[in-house]
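What follows is a pair of complexes built around subunit A, which joins subunit B in one and subunit C in the other.
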Partner chain A sequence: MSTVDATAGWDRLIEHDRVHGSLYTDPAIYEAELERIWYRTWVFVGHVSEVPEPNDYVVKSIGPQPVIMTRDKQGEIHLLLNRCTHRANLVCDAPRGNSSAFRCPYHGWTFSNTGRLLGYPFNSGYDGREAKRELGLGRVARIGIYEGFVFGSFAEEGPTLLEHLGAAREALDRLVALSPSGELDLSAGWLQHKVKANWKMLVENETDGYHPQFVHSSIFSVAQSGIGELYGEESTALSRDLGNGHTENDLRPEFRRIGQPLGWFGTTPDRVPDYVAQLEAAKGVEQARELLIDGSPHVMLFPNLFIAEIQLFVIQPLAVDETVQHVTAVQYKGAPDMNRRMLQQTIGSVGPAGFLLADDSEMYERNQRGVHARSPEWVVLKRGTHRERLDEDGHLVGDATDEVPQRAIWRHYRRLMEAGA
Partner chain B sequence: MGVGEVVSEFAAVAVSIDHEGNGPRLRIEDLKTGHVGYLDALELETLAWLPEGALHPLLDPSLHRWRKPAPNGGHH
Partner chain C sequence: MSGATVNRDLLLEVEQFVYREARMQDEHDYDGWEALWTDDALYWVPANGDAIDPTREMSIIFDNRSRIATRVKQLKTGKRHAQAPPSRTRRVVSNVELLDGAGDGGELVVGANFVLYESRERGVTLWAGRSTYRLRPTGDGLRMAYKKIELVNNDRAIFTLAFLI
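Right, the complex of A and B next:
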């Protein structure tokens, strides 16, 4: 960390419309990011629907940190560090389970699912029992839940979750509004894709409206999808800076122009009649029609939750050049006909034989290899600087293919890195 | 009469209803060691009504299973 600060200030690595390649490759910068971003700001961990019953638990992460998300008998959610307080073994190994207590496999220490140390074998080997109070599992300092989305922060103090989400809160509202029951069910399971690339390559790409027509042309062609054209020079769609590093590709202007309910999903209401009827019953016919035309958000919540219309991606850095993407299908609680289609599309686009994520992953790894080249040293993010403007809510927007989101991500990144120096 | 297995990453037991006595009881077999324990209806009803955390003292491994035997061969 000190090397980074001594050799070049963050302002020398991050300019308005270009960033230095070492930001993706320098292990010291990666270590600084863990402390100043991943272990300080709010990070998405999981969803309450993943632990529906009392004593359910799932194994999660905050960057490289192993986390257990539990629901105790009273229904309260906890974020515990998955590390035995004795000799540091992982306490939980299964991806999910139901247990009021956990037993470390190494020496048999037991912990409640709220983190309390319950005991250890052969306690006469310890001098007194006082230590039990101090040897509970580590905890993520703060936990915040919005619309069932569970976020954690290792910082004892700092902005609240709502302050962190800011305008991006609306993305979660929009996502949930498409569920007739008003609830999501994110228990379909998570696919994991590991790439040899820096985590910021992924964050930048999620709201990059410039690449889809090139990188994803094959899946658009096979699926006879019109989505690619929405990311063109003629498109009225917008790229947007939502503040705090959160960014958006807003395709609603195009969907409203076309005016076709469920057009965003490539289908029509007669294919999912039960879902449409449920949504109309819940919201009224007119609002349901507007929701079905507008579609689901395409928003990257900094630093790790990408809402990709019908999928959620969670970005987990493991090293300066190694990142895991955890992907699950969005499911609306109680809407089986729509859920079946969203699951099928998810499998087709980001499953093991899917096209979409494989395309992106290839680009990430090529980017990571390319950015090691000695010259030029900079990554260029100038696109659309001459035409960015403020929308009616005061957010910076650009055309669909502009690099407004990428510049926004780096502005926020620089603020966080400088604040932690 | 077999009922089934209850398994987690921490423990694996087979539970069944045992009729060898004058009344039925739940038979619990630790599948990792073969050790068997029984719970009668009144004990099970008591368990069903236990408040949150009431079983936690029993989950201290040193309480019964993992402790040094007393010199007389019994427990401390």
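Right, the complex of A and C next:
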């Protein structure tokens, strides 16, 4: 394909209803995205339940940057960079553990799990205590936690996490509301599924309501799943722009029409009686019934957290054409009967061998190869432009299969890229 | 089990079974492969280590017999895009050992290592690991009651694994 010079203006690459193919393939654009999106905006890092005890730590990431998420002995969460401030060795070589300190294996410099430099061997070689002061571990400049979800931003200043989440905050509220204890436990471990595709292929697909009947017809047909119909021509479900690049497939209109508690999960209350009783005890019978009919959200939080009803996906770009999708099962703290089902359904559906995600991933990789073709140069995102409208909250919505979310993602993307120029 | 007690006939039968399974997988003989399983079978590919609890932690595959059937049915639709067209694969299975149960008429526990080349449009992917089988003698020969595949890289990011492992 011909290349369009990005410095000539992002408006030349990103139009209202089409985007230029080079956005997925140009290494220079990828490098600019790291600086203007991944190292600036709020990015989901991990969940507090992954470090439940004082001094727990786990290695997470912000894009290609490894980040150590720690809980100090007071219980506070920190996001530290895995780089000794002396000669840049990795201070943490385990994926997770419990330790109040990290000792660099190269020369023995030791850092507390709050990032402070505690000391170094043979300290007469340095000129007094002053030397230590500036040499704490690098840290993600800002940390924000909402309902246990830990986000980090490398930018010292900018919108707050709540400003960034905006209307999409409600997705996290809805997710947590389905837990009788009001808490999630995301400690089942993450599958790491690698694809040779640009990260935006994944972001766009998460709330693409047009693909399920085609990409997933094989599993829908053999498992007698009704999911496909939620994304059909007759569906009353909505696609929605939640602002700031956050997007949604709102399936509640369909679930409310059907009116079956737990219908969204393909089961009935008598199959998970303990869970339903717990939720009724916590919320009252009426509200529990409403929550169980509405179900769990299907929302993509830009740029990297996808809440897919009973799964959470985290998108990690590693190169212009390489991305890892991390995925785990949603688990409600203290609801073992429901958790067992959510875990087993998640294992079946997602990850490298999943009935659903293996096929999505095949699509990402074929898209990535296809977009290298010389002609046409553009990716078309027109679907539903003639029927998009504002809902009662002022959000742009379209029909279930419309490309309202994809246009919304690109509008926000362009704003971020232009702001960083 | 010490080498002195190896029942050569039994080992040969086990090896032939393991090689047959490998060939059926490489040649996408989905029906043949499904028929190797017992009715209470378990097919497991753990993630993030080999000794996890699959009832509480994420696995790459954790199929009971009914889910094995679903997996095969999905492949046979021809619309399992991740295997349409199917990967070309060839695997070498070696280090076959009878680990437990030889000679008592009960289940045999068998260990083996494998190296597997997968070729797709993406390129060639090399897979390797260790398989543990529980093989049950039946009137119709051995059947698989259990197969656990410990990928050497199950704690790292891996490409799509939609062929039969």
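Operating definition for what follows: the second predicted complex is superposed on the first by the 409 of 421 C-alpha atoms of A that agree within 3 Å, B and C clash if a C-alpha of one lies under 4 Å from a C-alpha of the other, contacts with A are read in each partner's own complex, and residues count from 1 in each chain.
Here, contacts are C-beta pairs under 8 Å (C-beta built on N, C-alpha and C of every residue); 3 or more make two chains touch, one makes a residue touch a chain.
Since we're looking at a predicted model, the values are computed, not measured.
Enquirer: Can A:124 be said to touch subunit B (first), subunit C (second), both, or neither?
Expert: The first partner, subunit B, only.
Enquirer: After lining up the shared chain so the two structures overlap, which partner does A:264 touch, if you call subunit B first and subunit C second: first, second, both or neither?
Expert: Once the two structures are laid over each other on A, A:264 reaches no partner at all.
Enquirer: Using the superposition on chain A described above, determine whether A:191 touches subunit B (first), subunit C (second), both, or neither.
Expert: After superposing on A, A:191 lies in contact with subunit C but is clear of subunit B.
Enquirer: See if subunit A has more residues touched by subunit B or by subunit C, and give me that chain.
Expert: Counting contacted residues of subunit A, the larger count belongs to C.
Enquirer: A:255 contacts which: subunit B (first), subunit C (second), both, neither?
Expert: Neither partner.
Enquirer: Where does A:97 make contact in the superposed view: on subunit B (first), on subunit C (second), on both, or on neither?
Expert: first
Enquirer: With the two complexes superposed on chain A, say which partner A:340 touches: subunit B (first), subunit C (second), both, or neither.
Expert: Only subunit C; A:340 stays clear of subunit B.
Enquirer: In their shared complex, at which residues does subunit A touch subunit B?
Expert: Answer in residue numbers: 72-74, 92-94, 97-103, 108-110, 112, 116, 118-124.
Enquirer: So in the complex, the part of subunit B that touches subunit A is made up of which residues?
Expert: Against subunit A, subunit B makes touches at 8-11, 52-53, 55-57, 59-63, 65-68.
Enquirer: Help me check something: in the complex, which residues belonging to subunit C touch subunit A?
Expert: For subunit C paired with subunit A, touching residues are 45, 47-48, 52, 54-63, 67, 70-71, 73-74, 77-82, 121-122, 155-162, 165.
Enquirer: What does subunit A use to touch subunit C in their complex?
Expert: 95, 188-196, 215, 217-219, 221-223, 324, 327-329, 340, 343-344, 346-348, 351-353, 355, 358-359, 361-363, 365-366, 369
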